[in-house]
Each structure stands twice: as structure tokens, then as C-alpha cells.
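In what comes next, chain A is part of two complexes: it sits with chain B in the first one and with chain C in the second one.
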Partner chain A sequence: MSDHNDVHLEPTPGERFSKFLKRGDIRETLAWATFYTAVFVVLGAYFYPKWMPTVMSTDMKAIERLMVVFTFISAPVCGFVMSIFTQTLRHRHKGDTPPPDGPAIRNNRLATSVFAGVSSLLCLTAIVYGLIELNSSAEAATKDAPNALVVEVTGNQWVWSFNYPSLGVESNVLNLPIDRPVIFQITSADVNHSFWPVQLGVKADANHLATTLAQTTPIKLGTIDVKCAELCGLYHAYMETSGEVMTVSDFNNWVTAQGGHSA
Partner chain B sequence: MTTLSPQVSSRPIPNPKKSLITKLNMGTGLIVGVAFALATYYSMQTTLDDATLNFQRNNQVLLATMFMWSIGFLVGIGAFIGPFRWLIGKDLTAEEQLYLAGDGQGIKRYFKYCTDHKVVGIQYLWGVIAMLAVGGSMAMMIRTQLAQPGAKFITPSIYNSLVGLHGITMIVAMIVVATGPFGNFIMPIMIGAADMAFPRLNALSWWVLFTAIPVLCSAWFLGGIPTGWTAYAPLSVQAGPGMNAFIATIIIFAVSTAVAGANITATVIAMRAKGMTWNRVPIFVIGATISVALAVPAFPTFMVSMIQTAMDRTFLTGFFDSNVGGSGWLYAHLFWIMGHPEVYVILLPGVAILMEIVPVFVRMPLFSYTAAVVGFAGIAGLSVLVWAHHMYMSGWLPMLNGPFMVTTEMISIPTGLIFLVILGTLWHGKPWLKVPMLGVYAFLWNMLIGGITGLYLSDVPADNYLHGSMYVTAHFHYTLMGAALTGAVAGLSYWYPKMTGRMLNERAGYISFWFVQIGFQILYLGMFIAGAQGQPRRVSDYAQMYANSNRISTMGAYLIGTGFIVLLWAVIHSWRNGVIAPMNPWGAKTLEWTVPYPVPLVNFDTPPVVTSDPYGYGKAVK
Partner chain C sequence: MTNTKRAASAILSTLLGIAVVGTVGITLHTLSADPSGKLIATKEADTITVDGKNYPKASVTMGVYPDSATAVKNGSKPTKEDYVQYGPSNHVVLPAHTYVTMTLHVYDSGEKLNNPYFGKVVGTIGGTINIDGVDVSSVAPDAVQHTFTLHGLPTSSQDPLFVNVPLPHVEVNDKDEFIPTKDPGTNNEGHTVVFSFITGGKGEYVFNCEYPCGDGTYAKFGAAMSAYGYMSGKVTVA
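Entry: the complex of A and B
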């Protein structure tokens, strides 16, 4: 029975936890873990947007955000691993004979459970976040589909060609009007290719006698690099073209110049 | 099972000169193999119907020639003597079995159909070193071509061939890099067995693999493998004669893997020493067994996909030809149903080696043996449910991308347990940083990077950008090379004293380690950047904007190359001139360190009895 005057009172879980946090080794672990977590967070948040090309579509924006968020989710794991990595290296044994025996810790159920629990939770966060992103991009696609511009993309060893059926234009460059959803209907005349307009954050394989769909909305003016992301034979490396996200009037002028009728 | 008892080994061999098996070796194998191949080639050339398309005819002739070479070699080296005796109702005599075990034959037994698991282990070791050397040289050529944009070092055609050959050579080498040399040489001793469960199958698995090596090399002279190691159809169906070499290699290799996998699994299940209950089995044995057990169901689908590709090319069956109702997606599925478990087939033994090393060098027990086993089993179990994450962008049923994303990301949980076991063992430790132990630290960093970049790739929207880019190439090199190969190299420096009787030159080991690991970080940092910038993989040339990251990568690659040359020198030099190793140089507690060098034919004079797990290090915790 609890007796407030009893000096031999068992410590409460809260007291044990605060005592645990005061242990030198735990403090060192937490300090290093915090340091490395911060390093990974800063590196991820700084370098991914720096390395990745200009964001020119709604999808590319989501992708860049995702890269940064996933870095944040995984940073604590990196922090923890690198913390123990650093500490044990600092206490390394020198000499040509084996070190003396350390403590015989064969298991620690609490530590194992906490580790498994936290890593599962982080994994779950990544899964949920990914599924939400996936779903919202699918929903946006359904919503935007009715007034989207359809572009038929054909991969042919080793060139891309683009057909705008509603405009009566065929082209070897991928020009698109800004802020209008676009649906790519992708196919191949021969082997597998993979259609990759880099700055749009879209990628879809081109398969012979099958049509693959991809959809996005360009949101920034500028040049698009179109590449092939699936090894397709001899000149795979050179299977690239370019294009441009244009203002609506520029796009209409281009369509007219190609002999098509503006939308 | 045909294990040898110590009583047999003391008997002399009566009239060994009269017996056919004493005359057979690698030389007779080569002669019969080449004879079979030539006979097949010329007889088919002359008898095949002229009306058949040239393309089909060529493929038929080449494939048949390659398979007949393999069968001929095995006949010539004496692989079928045992089965033949069974057919006529007899078996090998005890003397013949002893002869096959290579007792007292010195260096010659390495060139024979030798059933001693230690000989097979050394054969695998040199086979792996040769394959890694060839695959590594190809990597150097690839990086040289990519050192600057617009390079003319090699043509796009040769470049594509190199990419495919580098890929498949390295994959084959990496699948056997740990289970071949260490799974054969060390593992039976580790579990206290006298030999493998099926010694003749053991020899068969190596020599079958050996016959695949010249077949793979022949691709180079037949116009190369222009498809990458994934060999996607329809590109593979349209590819030139070199493709036949790829197909034949995979089919032959799948036979070897099946044989080796069944053998290792059976050995671990049935041949453990008295008292070695499942919770006392060394963790390397658990990892290696789960790995080969995973390969047993995985490889047949690759084999089937290759048989179908071969039929498409020889008989125009059209399994993968959409013009006649076939599907390239079907190929991709068959390939990746093997392909994703396969990366864990490669990874697990390497990790398990490192788990074996950590307790020895920190003098503490392995932390949570159960978590290690659950981690391995969890990875193996989930790995068969994730294959279509390689096909998010393929256009095949996008509806299933979500579920495959979930299973893929779930693999991070058992992988986390693997980390926990190593970190928990290191916790409060004072590591003895010998060459094997350095590998543990390299693994922790490399697997961390490899794992986390895998998380981005597993996510469908992020993969929209990263798929098919250099980012992927960097990611899987971090896991396969940075983690698995690092584990295997650590294993080599750890078990080298037991396998050769000498210590591996330590200074060379350190130099090699630092060159390889620093070069590795530089190489793949550059490649991650190139991928994030948008450079597709498998390109022989690229735009100016990727020049810097590629230049960095190439510099890193040359450092790695230098490091591995140093290691190769150390392995050869120490084998002949190294310091004589004591029986147990690291003070480890597993059974292989209780036997002398050279290890006796039946390993143990008296069969060992095991009373505890091999991790009884450390002072009792209060």
C-alpha cells in the first residue's frame, strides 16, 4: 500500500525515466543523435531542392516536398545510428591484443521494443504520407481530366514524337500551355521506352501496342528536357528532345504556325 | 547422404591408376566440353533447314552449342560417374569416394571434381575473385567513358554491352560471394559437420557455375548484351547473338544455385553438431541459410523467363511479343519476382558475416539473437511481396502501386532490427578496429544511406522522378556493394587465416579499406547528384549540366579500383608469404576456430558437442 512517509518507496516510471535521462551514456547518445539528426535535416532540406531541376509542374512540386519530408522522417534514424557509431569509435580499443570483455548484455526487451516501435511508427508515417500524396495526385487528375489537353507521345528507336489530336499538330518538340492540365497518352512503336519530361516530374513507360497514361499541370514557364529513362538500344543516351511551357497566346501562335487550329 | 567416416580415410586406395575417376580433371572437362560444343555447332549448321530465318537459326545453333559445352564439360570432369553407377545399380566404392574427396592430392584437387567442401570453398573464392575483377574492370571502363560529356573512349554499342555484362557478372558474383567461399568452406565446420549433406552436389554446384563463366565471356565476342542485366523484352528478343550467352548463363547459373541452395539448406537442417539447437546456431549460418532458401524459389522464375526468351528467339513463340498477343510486362514480372528477393539473397549473408564479426571484436555477446533472426526472416518474407515496385511506371495496373508501396516500405522495419542487433552489440563496447571490424562501420554508414535512399524510391510519387535515373544506380550500389560486398570482404579478412593458414597482410588491408570506402563515397555521392539532377541511367553520354557530378564519380571509381588492386595483391601475397596464423587469431568462440590448419578431411577428430551459443563473451551484468 502506498505510504507517503515510506523512505523505501519504489521510484515511479516518471522518476526512473528522468534518472535514465541523467545517465552519462544516455546523454551522450542523445547529444550525438540530436546533432546528426540536425545535420541530416539541414542537408536534405538544402541539397535536394538545390540539385533537383526547376519545379515546373504540380507533380514536381509534390515530389520535391516529398523528398524533403522523407529526409525529415528518416533523419532521427540516421541520428541514432550515427550516434552509437561515433561513440563506440571514440572509445575504440588500441593495441594488438583483443580488448577486455565488455558487459554481457544479451538483450534488453524495453530497448528492443522501443526501437521496433519507433521505427515502425516512422515507417507508418512515410507510408501514410506517401498514400495521401498518391491519392491527392490521383484526385487532382480526375478533377482536371475534362478540360485537359491530350498529347499522344510515341517512342520510336530513338526519337520522341508528339501528336496533339485536338489541335491537329504533330511535332518533335513538347510545347505546352501554362496552367492547363495535360494528359499524356504514351505508347511505343518498338521496344520499351520511358517518357521522362524531367522538369514536369512525370515518368511513364512506353510499351508497344499499349497506352500508358500520365497527367500533370505545368505551372511555370521554361524549357523542358525530355529524356528516355529505359534502356532501349544503341542510341538510348541520345533519345532526347526538348520543349517549352509557354503562355497561352505563345502556345496558340505556335499551334497556328504548325498548321493546326487553336484550342 | 554420402559423408565419409574417419575409419574410411585411413584405408589405402587399391590400384587407383586403373580407375577412370583418377584420370579426369579440368583438362579432360575442357576437351570433352569443347568437343561437344564443336560437334553440336557443326552438325546443326549442316543439318538445320535452310528455310529457317537466319536470326532463328543462329540462335538455335548458339544456344545448343552453349548448353552442350556445359554438359560436355561436366561429362569430361566426371560429374556424372556417380549417377551413371546408380543407373546400372551400383555406386562408387568407398575408395573412390575417398579419392573424390581429394585426400592427399595437394593442389591438383582444386582442378578436379572434388567433393571436399573446403576445396569447393576455395574454388568458389577464386571464381568470385575472377568475376569481381572482370566486372570491376568493366566498371572502370564505364566510368572512364562517363568522365566527361561527349567522350569517345568507347562506342555506344560497346558501352551498352559493358553495362549489361558488368551488371550480370557482378550479380552472379555477388550472389555467390559469401555463400560460395564461406558457406562452403567455413559453414560446415561452424556447425560441427564432417562435410556438406551432399558432397557430390556441392562439387556439381561449383563446376556447373564454372561452365557458365566462359559462356558469359563469349557474349563479348558475339556482339555483347545490349539490354542491361534486366534483359527486358522486346529489346532482348530483338538483340543480336550475344543475347544467347546471357540466356544460357542464367539457365546454367539457376541450376547451380538450385543445387547449392538445396545442399546448404539440407546441411544446416540435418548435419548440425550434437547440442547445436536452433538458438545456438551461429548467426552467419542463419543468414546464409535464409538467403539460399530464398534463392531456391526465386531463381526458377528467372530461368523460366530466360527459357521463354530463348523460345521467342529460336521458334518465334511470342511469349513477350505484343504483336502476337505476348506481353513485355509478363517478362518484367517474371524477372522481378526473382529480382527483388535476389537483392536480399545477396545482402543477407554479407550482413550475417558482419554480425558474426561484431561480438568477437567488441568481446560482448550478440545483442538480441532473436531480433536478428526475426529481422532476416522478416526481410526474406516481405521480399517476395514487393517485386512490382520496379514497375510503378511501367503502365501495368497503376491501381496496385499503393499496395506495393506499402509492402516495400514495411521492409524498413525488419531492416531496422538488423541495425538494432549490430548497434546493440556495439553499445558500451570498445571495438578492436582490425580490418574485419572496419567493415562493420562501413556497413552501418553505407546501409544507412542505401536504406534511406531506398525509402524515397519506394514511394510512388518520388519514384516518378527518380525511377530509371542515376539515383537508382547509386542507391543499389550502396546496398549491394557498400553493404553486401563490404560484408564479404570483411569475411575474407576474418576467415582468411582459417582458409589459408596465414594472416592477411594487415597494412594492405587497411590501405585497401580506406581507398575503397572513400572512393565509394565520392563515386556514389556524384551519382546521387547526377540522378537528382535528372540524368537517366545506362547512358553512354550526357548533357553538359551533369559534367561535374560525373567527373566526381569517375575520380571515386579510380580510387575504388586502386583499393581493390591492393586487396588482390594482399590476398595473393599473403597466401604465399603471410605470417603463419595461430589457430584462433581473433579469440572467437565459433567451432571453425577449434580446428587446425590445414583442416582435416573430416574436420573434427571427434565430433564436437555444443553446450551454448558461440557468443558467451563479456562479464556478467549486475
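Entry: the complex of A and C
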């Protein structure tokens, strides 16, 4: 015999979630997560661009934007992990007899679903945004190709050399005119190297018997650091040179001084 | 475990870690030290004016030796008898802001450069070198035995310094056309290459050969090209 007043109603998912959020430890965890997320957002928006190398090309600009957006996307993940870490430290057990473990989170369908769903969404956003940036770079390379300055880059143990075939110039420094697209045709005369003009946001393999293409447009005057990003032997650490993004007139003067001719 | 034991374990582990890292560091530093002593450029009494600026002068003489017999006679201490090497030292010390004249006696044969760029003279006074009394601005890429290529890190703390000198190979036919340099100890025949360049401020640089003169490994950059004290070295501008 039953009485309808005795029926025990199961709480709805909404009620359970509301109750979950009212727990003191959960509120603390969320507060820490919000704090850490805000810290990472500020780092990404303000400090991170200052720590990166000077933006001197269209590609470096795209890379900086990409890194900032990716920092924003990963900020909640880092915030949540740091929050759990902080709470673990704050509420760590003291003494020799640890309490029994709590219920395994893998049995909580809601928690695992939220975790998997949010992670997938963040990864998907990062992939789509990355592909859009990659495609815009490829489109720019195609559009700019007819006007581009071609520079043949050769890696040798442990010196870079640059040939400007249209100008009749060979050099050990990488000088470029501002606002003109440049196509790097990159190869190696010996072992594998990696051509990395840091401020231009280009990093491409320099492999023996193969030519790798990379393209960008310098947009700011200044010094370029050219490094090798592939461990290539005894003096790999010394395989660096410099270069400069110059005004067009300065570049032409440099070409003339090197015995070359204008394109 | 008591707190005292925990603290003692932590301190002991830290000290052990420091000892291991320190030992590895000291060992690597010892192994990378100069195999031979420093070769210090000789300062000269007179000065020279270049582009309206007066510089003190200094000179240094080195050689490129294809075998240990010639190298040893010239003060080198090769441990690999079949390695070609610069000598008598692979650590050259040059004075800062000085007009340096370098003389290289070169005794080796050769084949062809991987990159013809290194057949050109770069960074010397006048863009030339003097080979057996004749000024040239390049050497054919298939007539090179080795190169003296001096470079360094482009940092804000030191001036840029880049010098590339192609060294002509020694072939049997050369004896009909040149009066080759003779090594006083071994009678080996070769060329004498003389060139000058101006050093900047103090700094640490390296030199290496851009001719693939190692063994067949690593695109002929193995053996002598991949070992300290043979076809590469340090240049300290002090």
C-alpha cells in the first residue's frame, strides 16, 4: 500500500547541478579557475606579444595573432588545471593515515561529458582557426608571386649564404626591401638545416638535394636574426647571421655596393 | 617517515643532483678545451690608414696540413694521423680594432666546393687575397683545397666579423706554373696565401672550412670536419 505523499522524487539534473554549484569547495574551485583564466587572458593579450620577437612581416603578424588566440582558447583549460592544483595543495591531507578515496570521476556522466565536450570544442576551434590562417598565407603567396623578390637560401655547415638571382648579388647577410613580397628557395649544400629568420615568422627545412619554398612580405624596418633551427653539427650554435629590412632606396644602394643591378 | 628524515632526504637529493650536473658540466668543459695552445697574433710597431682611419697592425701565420708529419713539424699535436688540419693551433687570438695580416701556408689537394659562394673572397681589405704573389678576388670552386671562413654570432655585444678566404689546391701541374712554398720541415710543397682584415671590438668567433674535407659521413663533413682541433677553431678578439 502506498501513499503518494511518501513518493521520493529524484532531483532533476538541473537541481543536482544547482546543488553541486552551491557546494563550498566547488565555488572555491570555480573562483580559482576564473582567477587563473583571467591571468592567462591578460598574459595572452598584453604580455605575450611583448615577449615575442618583433613583428616584421605579414607571416609574423599572423603567427602572433595565432599565438594570442590560442592562448585565449587554452586559458580556461590552464585555469581549471591550476585551480585543481591549488585546491589540492590547500586541502592536502596532513598525517599518516590518508582518508579513503572519493568516488571516481569517470563514473560521473555529466562531468565526463562536459570535459569531453568542452575539450573537443576548444580543439576544433584551434584547428579551424589554424587552417584559416594557413590558407590565408597560401593565398597571399599565390597572389604576390609575380612581384616577389626571389632569394635562394643555402645552408652550409655552419654558414648561411643568400643569392639574389635577379639582382646578381650573393651575400652572407639577408637584406630585404620593405613592403615587397619575398620568396625564399631554401636548400642545403650538406646536411639538413632549418632556415629561421626569426622576426619574419618563417621557419623552413633546408635539405640537401631538395628545395623548400617559403614566402612572406617584410612590413617593418629593422634587424633580422637568421638562425639554424636544426641541430647540424659541431658549430651549429654559431650558424647565425643577421640581416635587415631596408627602405627600397637603401636596399638598391646595398645591391649596387655589392656589384649587383636593380631588378 | 619523520619530518627530519624527509628534510634530510630532500637536501641529500638536491646535493646529489647538483654534484651530478656539475660533474657532467666540468667534464664537457674539459673535453671542449683547446687541444693545442693559443696562437697569439704578433703586434707590429707601425700603423696603417684605411678609409681615413688609423689602425695598429698585427700578423699571424698558420698552415693547412694534409698529414700529421707536416702538422707535427709545424707545432701541431694531431691525434688522428689521417685528418687534415689547421695548425699550429686552432685557437687564434687577435687584437681588437687592428689591421690583421694573416699568412696561410696550404699544402693539401682538393676537389670541388659544395657551394660556389665560398670560392669568393669576402671581408678582406680590398676584397682580395694574395696567392703566391698574385692578387685574386676568387678561386674557381673546383680549384679549392679548403677555405678559411671566419664568422660569429650577430649579437649586440660584439661587432660583426665575416671573412671568407678560398685556399687554392695543390696539384702536380702547379709546380710548372708557380714557385710553390716549401715546408721547411718536410719539404712539402704548397701555396702561400696572404690577406688582411680589420677586427672590431672584443668578441668570440669561430672559423671553419667550407670545403667538404671530412670522411664520407655527414655529406663529407664527418671526421676532421666534425672534431675539435682540426678544420675548425676559435678566434678570440681581445
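In the analysis below, the second predicted complex is superposed on the first by the 227 of 263 C-alpha atoms of A that agree within 3 Å, B and C clash if a C-alpha of one lies under 4 Å from a C-alpha of the other, contacts with A are read in each partner's own complex, and residues count from 1 in each chain.
The definition used in the following text is that a residue touches a chain if its C-beta (ideal position, glycine included) is under 8 Å from a C-beta of that chain, and two chains touch if they have at least 3 such contacts.
From a predicted model like this one, the values you see are computed outputs, not experimental measurements.
S.K.: Have a look at chain B and chain C on chain A after the superposition and call it: clash or fit.
M.R.: Taken together on chain A, chain C would clash with chain B, as the superposition shows.
S.K.: Thinking of the overlay built on chain A, is A:119 touched by chain B (first), by chain C (second), by both, or by neither?
M.R.: In the superposition, A:119 contacts chain B only.
S.K.: Touch test for A:156: chain B only (first), chain C only (second), both, or neither?
M.R.: Second partner only.
S.K.: Answer with first, second, both or neither: which of chain B and chain C does A:100 touch in the superposed model?
M.R.: first
S.K.: Kindly classify A:208 by the partners it touches after superposition: chain B alone (first), chain C alone (second), both, or neither?
M.R.: A:208: touches chain B and chain C.
S.K.: Which partner, chain B or chain C, is in contact with more residues of chain A?
M.R.: B
S.K.: Look at A:241 in the shared chain and tell me whether it touches chain B only, chain C only, both, or neither; answer first, second, both or neither.
M.R.: A:241 contacts chain C only, not chain B.
S.K.: On the A-aligned overlay, A:24 touches which partner chain: chain B = first, chain C = second, or both, or neither?
M.R.: Neither partner.
S.K.: Now for A:13: first (chain B), second (chain C), both, or neither, which partner does it touch?
M.R.: neither
S.K.: Tell me which partner A:146 touches in the superposition: chain B (first), chain C (second), both or neither.
M.R.: In the superposition, A:146 contacts neither chain B nor chain C.
S.K.: Tell me which region of chain B runs into chain C after superposition, given the options 487-495, 505-513 or 613-621.
M.R.: 505-513
S.K.: Starting from the residues of chain A touching chain B, keep only those that also touch chain C in the other complex, and list them.
M.R.: In chain A, positions 190-191, 208, 225, 233-235, 237-238 sit in both the chain B and chain C interfaces.
S.K.: Could you list, by residue number, the parts of chain A that touch chain B in their complex?
M.R.: Against chain B, the touching part of chain A is residues 25, 48, 51-53, 59-60, 62-63, 66-67, 70-71, 73-74, 77-78, 80-82, 84-85, 88-89, 91-93, 98-108, 111-112, 115-116, 119-120, 122-123, 126-127, 130-131, 133-134, 137, 186, 190-192, 194, 196, 198-199, 201-205, 207-213, 225, 227-238.
S.K.: So in the complex, which bits of chain C are touching chain A?
M.R.: 114-115, 117-118, 120, 122, 149, 151-154, 160, 162, 164, 206, 208, 210, 212, 218-221, 225-228, 232
S.K.: Residues of chain A touching chain C in their complex?
M.R.: 154, 156-159, 161, 163, 170, 172, 189-191, 208, 225, 233-235, 237-238, 240-242
S.K.: Please output the residues of chain B touching chain A within their complex, sorted ascending.
M.R.: Residues 156-157, 159-160, 163, 226-228, 230, 232, 234-235, 238, 322-323, 328-329, 361-371, 393-395, 401-402, 405-406, 409-410, 412-413, 416-417, 419-420, 423-424, 426-433, 441, 444-445, 448, 452, 455-456, 459-465, 467-469, 529, 532-534, 536-543, 586-587, 615-621.
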